[in-house]
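Okay, got some structures for you below.
Same chain, two partners: subunit A is paired with subunit B first, then with subunit C.
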Partner chain A sequence: MTRLAHSWFGLLGAATLLALAAFAFDPRARELLRDAPAADEITLAAARDHRGPLLWIDARATADFARDHIPEALPLNPDDWESQIVPVLTRWQPGTRVIVYCDDRACGSSRAVADKLRREYQFDDVAILHGGWAAWQKAVGP
Partner chain B sequence: MTARRCDLPPLDGLLRLALAGIFLAAAAVKIADPAEFHAAVRTYRLLPDLAAAGVALWLPWFELCTGVAILWSRHRRAALWVVVALNLVFLAAIGQAAVRELDIVCGCFGRPASVRGAGYLPYLARDLAFLAAAVWLLRREPATAVQSQSPSPRGL
Partner chain C sequence: MPRPAPAPLRLRLALAAACLAAALPAGAALTWETREQRFQLSAEQAEARTVFGFTNTGRRPIAITGVHSGCNCTTATPTKPTYAPGERGEIVVDFRRGNREGEYRQGITVTTDDGASTTLQFVADIEALVRFDTRYVFWTATEERIPKRMHLAFAAGRRAALTGVRSSDPQFHVAFAPVAGADGEFVLTVTPPATATNFAVLTIRYRLGGPGAGAESELSAVARTLPPKDGPQPHAGQPQS
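Moving on to the complex of A and B:
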């Protein structure tokens, strides 16, 4: 076996051993294999049980929001941020739980919008809806 | 020994350091928050959930080992080939997302920036730059290795 192949197998082996060690000792790593909501996600049932001010943010494309959305949700997506952030800031007040959603579990914009609200606007209670719009539709029906 | 090190082109050394630093930094943020990286992998819609979780668990450690190996002359050549292969995979993943107009987060350095529309181009350009740097170093590596292994003309 060539030296290059030795090095490749060494790299693959070392990475695999370290990943296995992380899996064994880091509970967060084991959580990945369960279909549980991540730490910053909230299930629809928990969102509905929430008592107190709640603000739904729809991070899908504006056209999708126009077709249908969760009642009282406000649109806010990265493409139209400047025009859509103003109503969000008007509606939000300290203590409001903000829940952001996009299409489903595999869409990215809800995560990006939530991160930006936390980081740049100091929103202190922002969660992502586990399963997104698809979960809402499944629960409510078409 | 000092004379040989001084013979190494400074650009090569800087590029190696930069590539290693990028891989180590990318690995560190993913290892620090595996759930965030798992969510990012999922947005590419290439793998079933279990496989996406496996990638999210394993890839950061592979990047970490690659970053270390770039700095280790014995394994550098293999590590640079890994950088080439990984960047080709990343380019293919981002490219298919662009073609399918997916709403992804890059997952590259932890911060979940949304990528849509023309937003794909900077990410493709960045991975192409990493690929070019690795290919450049691979082309230079044999010459550097021969130079460092051959006896000095002055007999040092």
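Moving on to the complex of A and C:
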């Protein structure tokens, strides 16, 4: 009886290990694990907790910004940079936290804008909104 | 001839196989040759194209129901909407750099009628035509108003000449000079007004290929004397004092 129980437990253990291995190699599982914010990202909850001057930058296409955007955000995208940078610089002062967002996690424009603001304009506190505009919409609701 | 395994062992093996089959994912019918592509764009290139190849390894036809890039800079299109079992297809991706430079990452989500969703990614290494150490010089309210410099360098191997610099506010004085011994490098020296609090857009005109060759193009930089943090904020070209 004990031998039979051990063999069933061993079987169950082996099946569990195989299931975990299958999960680890499943690309959909890797997507879930990748959901943690990157080092230069900030969650919406943390952004809302920030006390101090805050400037939202919308890195989506200008037409998307015109349709809707985070309140008080300014548009600044790589395609319209020259015409959009001046209002951003007018609003920014040293010590202002800047949070850049674009469509969602797959969008690279927010990182491109954030990198350029740090590298060429000496902005000292720039983060990217984890999950982008999609995260804001999910939090705010329809 | 091998002896057949005893019944209890056959039962255990069958159950193990059943557990394994249940644990395996349902199996995306599209098998991708790669999910990430990397390519370079030189300073002169405005766009690039890449393709993501896949094969329908499922047992039934698969239709691509959506391809989404989340950026107007990227269009991604399947070569056709539906693929028979065993058939190969491609997602053709066209990328327009705009003013992007450096490393640029973009995801593309592909959805199919079996409910699966796959995220592809490309990484574009984009050569910048011009690199600034800073495009924005500013003086805080308590800072001494001494000149500050901006250093700009054109991409390696590009002959370039600065033909002029204009400030939107004449109270900011701007001069430029080539860096001795360094082709394609220039220094702008910006002198702020002694007391005014203002904001100036500096328009830098340049010509590639050296003096007299090619059309002129423009870059911009910004200079600003900051007001006290609680004071009124001037706009570009509108002096406060």
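Just so it is clear, the second predicted complex is superposed on the first by the 108 of 142 C-alpha atoms of A that agree within 3 Å, B and C clash if a C-alpha of one lies under 4 Å from a C-alpha of the other, contacts with A are read in each partner's own complex, and residues count from 1 in each chain.
Going forward, a contact is a pair of C-beta atoms (placed from the backbone, for glycine too) under 8 Å apart; a residue touches a chain by one contact, two chains touch by 3 or more.
Everything numeric in this text was worked out from a predicted model, so none of it was measured.
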Discussion item. Going by the contact rule set out at the top, does A:39 touch subunit B (first), subunit C (second), both, or neither?
Written reply: first
Practice prompt. Could you look at A:94 and tell me whether it touches subunit B, subunit C, both or neither (first, second, both, neither)?
Written response: second
Discussion item. Which partner chains sit in contact with A:85 here, subunit B, subunit C, both or neither? Use first/second/both/neither.
Written reply: second
Worksheet item: Now for A:125: first (subunit B), second (subunit C), both, or neither, which partner does it touch?
Response: neither
Practice prompt. Share the list of subunit A residues that count as touching for subunit B in one structure and for subunit C in the other.
Written response: 4, 7-8, 11-12, 14-15, 18-19, 22-23, 26, 28, 31, 77-79, 102-103, 105-109, 111-112, 115
Worksheet entry | Complex contact set, residues of subunit C against subunit A | 8, 12, 15-16, 19-20, 22-25, 28, 35, 68-73, 98-102, 104-109, 118-119, 121, 132, 134-136, 140, 199, 201, 220, 222, 224, 226, 229, 233-236
Worksheet, complete the sentence: subunit A contacts subunit C in the complex at 4, 7-8, 11-12, 14-15, 18-19, 22-23, 26-28, 31, 61, 77-79, 81-82, 85-86, 89-91, 93-95, 102-109, 111-112, 115-116, 120-122
Worksheet item: Okay, in this complex, where on subunit A does subunit B touch?
Response: 4, 7-8, 10-12, 14-16, 18-19, 22-23, 26, 28-29, 31-33, 35, 38-40, 77-79, 102-103, 105-109, 111-115
Fill in: Residues of subunit B touching subunit A in the complex
31, 34-36, 38-40, 42-43, 45, 49-50, 53, 56-58, 61-62, 64-66, 69, 74-75, 77-79, 81-82, 102-105, 111-117, 119
